[in-house]
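Reading through the structure tokens given below for one structure.
By written order: A, B, C and D. Residues from 1 in each chain.
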């Protein structure tokens, strides 16, 4: 099991009435299965996990497992309470997840000290039947990753790595240089995928891998092959699309970019708002530019 | 129904093993019933709602309703999705809540524009069988309250007011001056309770009303009676306790301060950490100082 | 010497070519002399002190002293280095300032610990021939005021008070409750002038006192007379103008609001941009509303 | 003239009484002259420019010019007013600076829109007798760099590049991909020097080049030679020293690290505080580790 390579945080398509569109989800999985991806993440931030109930979450894990029986399948299982995370982790593993990605709890941010987070992740890892990956995404949680925490947790036998989504390459560098090689750090911010690889990331769990997987995979392959010039060119070609998705339109924009690439983004779930028609005009050439880079 | 006066956001006591201690919760309700409070809030931030599952939430609402059949009972029902909030709102109303307090969704913070929040609160209010109060607490959500939103929502017949917990008195002033008198704004930050009353708050939903209810109620009564000198003296006496609870120890500190006042705070639920022994030594004189101010 | 009452932080009018317009400055002083103000501040943030050279600064102090020989005259003398602040403080006192207002140094923000600031203010006060007032304005400096610092500095015989411009009423409360009565705290944020007076502020050093001095003075007088209803009504009438000046247009807007009130705002100095024509249309009714409140 | 390579932002040594120690400054210049550096910056943030008066600033420029008549010499000349920056730029050029580095004005942060900054930099460049480099350092200014501004300014014939010190590699990438090749972007944050080079930086203006110039130059040379493995190893060896200097101790720590490397750091100027004795013990092995990496 390894985060090496590119993993899409799968989106969760909804119908216009807000119900889960499992068939669109399955169609996307089939379409993405042959694109050279290293694995698949369900129930991440881009999967709108925050707005799903438990039944829906487990249905998504089970569907992914059923369709892709031999591929690496990660599931996001972080809740606000330790017991809630443990319970969901066990159910997700039962439903077929190979490993779990556990978000930092963050509602009581000022109380989420390095000590509180350490005890939290250790308790979850102690109870988890599958490997645990740490997940930090300050843009959503408002919680910066504490210095030194990754290195402390890396000694736990069931904590296998981290998805670092802040986009702060110096943080990623410092984490990588503080942990043993078996602890893999994956970049969760496509704005810095190539620089993060240079800084020691094992791979990327990247939203745009849902819509332009070939380009993202090609970037990673170029890096692995030592072709820095090509890796940087693809990174540069991805930037406008990544900026539009990450900064301007969010998941709603990502879903429209998927439509353009022949997948089925579906609606977002309220209170998220669907992307305005203008977004389509803006996104179309950016998707094309990213695809042409390969 | 009115937020006028003082309302404690009831804590949720847990046993040492992290399970819900409903009997401690009920004991607290009985102890607080005769203290001149204007009503009670269950499932607020200080009630650790973020770490409760739905069954526990509804058990707390039902218990409070059963013990205090004729008192104002608010329940916090905000979830990350519109449909989730509506579902919980209906169940809480069925379980006996007179009104609901609805937190701003906040995980996808950059997408929670004024427009998205307006549509969210309107959809919840449209579907709610009981009055809806808006709830903004940027210290936990990382989401500032957008200018103009309260005034837009105040025209909805089922949106009755707002709990404003930022501590930004100028925001509270501006909200108060932008809404009709029927829309009540309650102060959710005890550091500024007296100044907020001066600025037009109808009352306060205040954590320290769990442990020193008499002092908080006396402050409000002094203000209503026009005795600004006494109101300000009580505010000043409350400050050190409020600072310690809000800034240094959080809910864990509040629970220990409740023990000192003869209530049953109980444990916090992990990943929150119980207050260190030193906290008790620090809190004891602050509770005493607050109580002596009356 | 006292900050009790209302003090305008005088604007510095410039000609269209960016040169200092001392005659406009003097005309404003004459116009403001009889409005019941408690004193005058030159070289504050609203006086664009950051963009003035030393010669200009001293010319402004000297002009104010000459025109208003018997009125309280404060001068802003904070520089980034201790020696620079001391040198300017001595020159401002020589030029006629009765006291100085000393901004927190802030360029090296992460190094400006409570200890560094304490030593800074003590060194300045030790060397100053006139009383020193502390000045904190995080909106410009990016530096929050450290807890406990005011109370430590209040024991210095030449440190007489503080201008607190964050708008955080709870901070002002805590400072007031931690210092002896001789140490006066003045509110520097008109969004919260009335709540700040309730919380113990001695008065206000407020930009809008440049353009609607009568209303601001009337608010203070109402408060002193115990007429909280009137004080709150005037505060509410001031809010839209204060918001427009503080949030939307800054000093450039304040200068146009002064023109409307018959004073001479003059141009701002680049890189500040003059207010767009639309600002005038927006400001005019807000100035009128504030004046009508009296 | 080019930012390609490594440029130290020279520290300004002071005597214990706070006066400028020009002989220590000159000794450092002589020691650094033969270390393969691409040029030298005086009056940067690490040169404590914020606390220097004009006479001192020009003395430093003149001394550097005199000692290094043929080497690239940059001078920091940003002031808060456009006219102030223009005046100092001309004097610095007269004193021998080959180019100037112009910091974003930042006191009136909310007014420093992209438009205000564009007009500012254009006015400075129009008036400057030498090439102008833009300088953004949000850790000190509190002002993020606006999207699109670099690309607009890159068309000015006298604006030659930018020092980007935020450490945000994605911003650097986006700037690089939006400007013509003649516009050079230099990395001003050693935490990300190697990733920034990968992302297209021309070189680095880096504090640690004052104390471990050989390691920083070797990192750049390895990158230029395509030896990414070596570049990354040196980056990793630099990290602990850079973290200690940038995060824990600032300029005061940098000066002590210079002493360890045989240079003359001197005292910092108040209100900055000299590094505590414990800092020396912490820094010594970090300097050694960085030097050993070469």
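Keep in mind that, in the parts below, a residue touches a chain if its C-beta (ideal position, glycine included) is under 8 Å from a C-beta of that chain, and two chains touch if they have at least 3 such contacts.
Predicted model only: the values in this text are computed from it and were never measured.
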Joint neighbours (chain B and chain D) are A, C
Greatest Cα-centre separation from chain C belongs to chain A
Distance in whole angstrom between the CA centres of chain B and chain C is 36
Cα centre of chain A to Cα centre of chain C, whole Å, reads 49
Contacts with two or more other chains occur in chain B at residues none
In contact, pair by pair, are chains A-B, A-D, B-C, C-D
Given the complex, residues on chain D that touch chain C span 18, 45, 50-53, 79-84, 105, 107-113, 115-117, 119-120, 123, 139-142, 247, 250-252, 269-273
Per the touch rule above, chain C residues touching chain B in the complex are 167-170, 173-174, 177, 189, 191-192, 194-196, 198-200, 226, 228, 232, 235-236, 239, 243
